[in-house]
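We call the chains A, B, C and D, going by the order they appear; numbering starts again at 1 in every chain.
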Amino acid sequence: MLKKINLNSLIPLAQRTCFRNYSQEPAAVETVHDDDFRVLNLRKTKGTQQQLSRRPKPPDVPPPRYKQMAVDQDWGAVWPGPKTFHPASVPLPVRQGWVPLNKTVPGKFANAELMKIPNFLHLTPPVIAKQCEALKQFCTPFPKGLETEEQQEKHFPVQFISSDYVHGLPTIRNPLSRIVTIKLKLSQLKLDEHARDKFLRLIGERYNEETDEITIVTDRCPLKQQNFDYAMYLLTALYHESRTVEEWESSKQEGDMEYYNWHNNQSKVTSTEVLNWGLPGDSKVEPPQEYISCVENLMNEGENEYNINKYKESVVKMLGLA
Amino acid sequence: MLLRRSSRLIKPHIGLYSTVVEPKLNVDEFRTIEDNPVNHSKQHIGKYYKIDDGLKRKLFSQGGLPKKYEKQIKTFNEACLMVRPQAIEIMEYINRTDFSKPVVRYLLYGERGAGKTMTMAHLAHYGHENGFCLVHVPYAPDWYKRPKEFGPSATHEGMVDLPLDAASWLIHFKSQNNDLLTKSEVGISKTYDWSKREQTTAGSKLIELVDHGINRAKYASDVIAALMDEIKIASTAGKIKTMVLIDGYNSFFNEQTRVFSDTRKKHPVTPDKVTLTQPFINITNFDWCNGVCVLSVDIFGMLGWERESYLPRYLLGKEGFEHLDPFVPIKMDKYDERQFDSCISYYVNRKWIQNTAQGFDKELKFLSNSNPYKLMELCNSV
Amino acid sequence: MLLKSTLKLLNNPVNRLLINRINSFNYGTVTSSINLDFLKRDKTSKAMKAYLERAQQHDEFMKTQNEEFKIGKRHLANMMGEDPVIYEDQEKIDEAISYLMPSALYDKRARPMMKPPEKIFPERKAAEFDETGRAHHFLFYTSKPNFFQLLYDAVEHLNGLNKFEDNMTRQQKSVDPALRLELSGSEWINQDQLELKLVENIQPVEYRYFVNVMNRLIEHPYSFRVKDFIDIYRRPLMNQTIILDIPKPHIDKDGKSFITVYECLRKKARGDVTVRFPGSGKILINGQDVTYFEYDQSREQILFPLIFTEMLDKVDIEANVEGGGPSGQAGAIRWGIAMGLRSFVDADVVEKMRYAGLLQRDYRRRERKKPGQEGARRKFTWKKR
Amino acid sequence: MLRNILQFTKFSRASPTILANNYSQYEPHFINPVFKKDEQEALIKSGEISKIAFVPIKAPRNNDNSSVFHDHRVSKMVNYIMQGGKKELARKLMSETFERIKRIQIERYHKAQTEEEKENIVLNPVTILHMAIENVRPILMVTPVRRGGVKYQVPVPISEQSSYYRACKWLVEASREHDRKTHLPEKMAFELLDAANNSGRVVKRKHDLHRLCEANRAYAHYRWS
């Protein structure tokens, strides 16, 4: 007559056992006396009272702890650190588990799902506030003159990055903690054109064009300090090396050039010759500056519709076709 | 009905370019009766003009028009070309050129199917009508991608010869310039010794040189080299005017070809090892006058795998760019509104577009993105 | 006094038990005040007694649960350092729980929760018999009284309609076709929903009976007279949000209005489409014009919504799309354009777009290969051995 | 019963998923879209549109669109030509076929002497395709029926859809049949032109089938007995 009447299944087992001894109300079953039909007791067995006492006595289990908690307690003291979910210590009637519709979601007792998920019960907002307050006495004021990013960058141009690891090994030294990374904006080094070019060639791919940053990673030595020293040494050596001019540098070929220079190229020869075709003797005509810059742009920036158009305009003008 | 439609399409743009009132004749709006390209000007832009059948055979019988367009010509029963603004631009430049100055090199570039080859054909017609000696290479990459025959050169050590290709080009040259060559009195500057018995003496006519190349395919490549030198000398001396038209010029500067130095097809050579290359690079140099060079770079002139950009610097490479510099790059654009409408009207007129339900032209424009070749392809099935 | 009222309540014949469900709380107040002593005096049926006992048990259980939940809310407020008042709001509770016990489980129903007990324990049917054990409902012994009552009612209606039709024919009146029921946009509720409505478990075959009977009812020319009865068991086929919830365009800095449609999905492609109005027909797909698509079919797909609404030259389109292949990307953009265009065309054009299916997401995906088969459907060539 | 159960599980899910009994991603009450403008106009005119006012509609497939160039028969034909899912190639072949048909017809048009002759030449390739299909559509076919251990070829009428399918398939088959050196578009163009002229191999095939049906008319009663 009732739909799904198995009420006992609704109460988790753990809870039921807990209630047994401490509940004040007597069980409903015992109070109802069935007196409308007396059964003939042929064997003279004893009444129901004795039958009950024959059952094994359940062990004494105190009620769950949360039953005694005050609603204005200090929660940080109850749950001081990270810990797996414990149903008796958490005074919330939380439930978890996927069940079909019209079924009851499992409660918190003996619920493995709740124990599997991480919890932040130790980091509730009041606890965080309290801990921050406690930490405040150890803080020093922020140094003056270093408020903005620019100021920080100006006074501390070199960024030093390394990692420390916490892990369960007999040794306290994780081999990865030796790695040191140094980052620096190239513009901070104040190099002239030659030195900059040489510097870039020396560090190769460690330079990021977009951010103008150089990155040196050292991991050769076993200790962090050694690696750091080595990185600083590298930086210094690179800096000084790039500023020296060697003898052989004067014999740089066209293919070694880092950018296209019109004056060193075939384009200068041909265009000058084209312009001076049939002109008598010494009267030399130089190609116009506009043309030169157009060719250089085309070669250096890479070609696109805009650069080609500019080039076309300058050529048309130079050859007198306009 | 259709004609009325097309007239509606064209009319609003007429005022834009026209300065001279065209003679009132019963002509469709998309056509011009001006068949001589010499007289073409800005007012003819976007209109179709007809090439005479005989002339077409003379100029383009050995190539010069795309194969698909040849098919269209057959179906349409006439050979018509659209006057593109880029062709007019080059013509204007040529009219303004001081021919005592070194040759100006014009370089057509653009996407696939933008109309580079068709513009070249138009300019070839223009050059022919203008009395230029035409040095026209219909499609240079053909030599390097699909050579008819190759073998080691007899005269140049370590070079590869394409005798049949060279000879057929000479036939093309001869058919294009037959009148000019037979009429002119231009002589050869020096004697060329081909073998112990064969030689072309100084002072003999250019046509003799050409004929020798055609008859003795073995020497065709060398004849071409000699011919180019002679043309340069004659032009510089002012005896003839020359127009150089090379389609797919970038193939001369490719990194590889499908021409092999051995018969087992193991070792492909670079273009500069092919004897045909040097003469044409030579004639596109700036060191002569009384001429004009119109070249085009084609992305399909590259070998298969390296087709990233259609821009000239990429296609020519550094070497090719420096060889041509300073040149005038001219971009072949897609059709503008007016050219597109004209093209559609022409196709409708020629019964090529059968489905003219409302809005068909808008759809075609969107689908083809106004690219001439794509438009032609799309119209094939409608 | 209390007893009397209780008895009255229990005696009250509940004839129409169609959707008669009482929630447990209500139910609790009734039974908790019963003094069970009277059972000794009156001859009460055993079933009734058992039922009342269970009811009381359940009631007490719910009471403790409620109490616990109430205290739990106070505890939660204390833990979060908030005023307990705000946790009267269930949303706030959910927020706090997801802070304390974050879970990334995909199904939200599987995540930890703290809800009032009424929401957690399923509803149950009320008593259907009086204290002497006599059933209220005449169909009680079918064990599915509500379901058979429904069938009974339907036939009753049908008979009534037949009578009415006869009357009308006698008066030589014909049915007005305008009044006929238009039911093409809805369908019968499914078995799950019917079970929920009746609070009874039914078999598939019984559901089929239901559908058959109801279909006969709506086929009747005068079925509009029982529209209210029919409507209870119909559900609409589609929601109207596509047509009705058209977003308002934003204005950009050039004074043009624009709509951006995010999450345009088709196959494995996904992207976003911006439609600008007024425009000139410019199209930008990943920074490229329509040549982004090499194939004609993909280009035609982009064109489809534009020519359908005749907005080709009137809007500008910008699309960013990634993943998948060309046809998937084109399909994604097509859907995005169509959804974006809703804001710039008339309502009847939007309706037409819906008829053309342009506003429907294409859910079809590549079907997976099955083990023991060569592909999704194809079986291996059969070999005897 | 199984069908019912599956149907129920489907409704309880939020997103459409693959079902075990019917593979459609759409729920069964979805109807096909009406994406051609003239078809929609006809629906509105006849008032039938109100029937689908509240019915969900499937999205059109990728080869459907409302372009003026879109033709149902052509897109079906493309699908019949397609092999291994290479639709672009199939489209190209179809387009080339049309191109060839057009070239042949326009050439004929230019060769025609009188205006009257010119008017009689159909230039539109899509029309030619339609004519060809109409001409090769069978109305009867034979189906094997086993009676007393003997298989009889019993003539049966076929549905309209099936007759269109058969016509298209025959045309494609005939175009593939020739030697492998000639391209499909070339052969297909000729087949279509022939069929449009009510001559050629495919029309003959249709006549053959009809003749077979005629010859087997005695077995016709096996269809229902």
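Convention: a contact is a pair of C-beta atoms (placed from the backbone, for glycine too) under 8 Å apart; a residue touches a chain by one contact, two chains touch by 3 or more.
None of these values were measured; they are calculated from a predicted model.
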Contact-richer chain pair [A-C vs B-D]: A-C
Chain centre separation (chain A, chain B; CA means) in Å: 61
Between chain C and chain A, distance of the C-alpha-averaged centres to the nearest whole Å: 40
Gap in Å, rounded to a whole number, between the CA centres of chain D and chain B: 46
Residue list for chain D, restricted to those that touch at least two other chains: 67
Per-residue multi-chain contacts in chain A, two or more chains: none
Per-residue overlap in chain B, given as positions that touch at least 2 other chains: 359, 363
Pairwise chain contacts under the document criterion: A-B, A-C, B-C, B-D, C-D
Touch list for chain C against partner chain A, complex: 36, 39-40, 43, 47, 49, 51, 53-54, 56-58, 60-61, 65, 68-69, 71-72, 74-76, 78-81, 97, 99-103, 107, 109-115, 120-122, 124-125, 127-129, 199
Chain C-facing residues of chain A, complex: 1-5, 7, 10-11, 25, 28-29, 31-33, 35-36, 66, 69, 71-73, 75, 85, 91-98, 102-105, 113-114, 117-121, 124-126, 129
Residue numbers on chain C that touch chain D, as the complex places them: 182, 184-187, 190-193, 204-205, 207-208, 236-238, 295-298, 300-301, 303-304, 307-308, 327, 330-331, 335, 352, 354-358, 360-365, 367
Chain D to chain B touching residues, read off their complex: 67-69, 94-96, 98-99, 102-103, 106-107, 109-110, 123-126
Interfacial residue positions of chain B with respect to chain D in the complex: 71, 74-75, 77, 350-352, 354-355, 357-360, 363, 377, 380-382
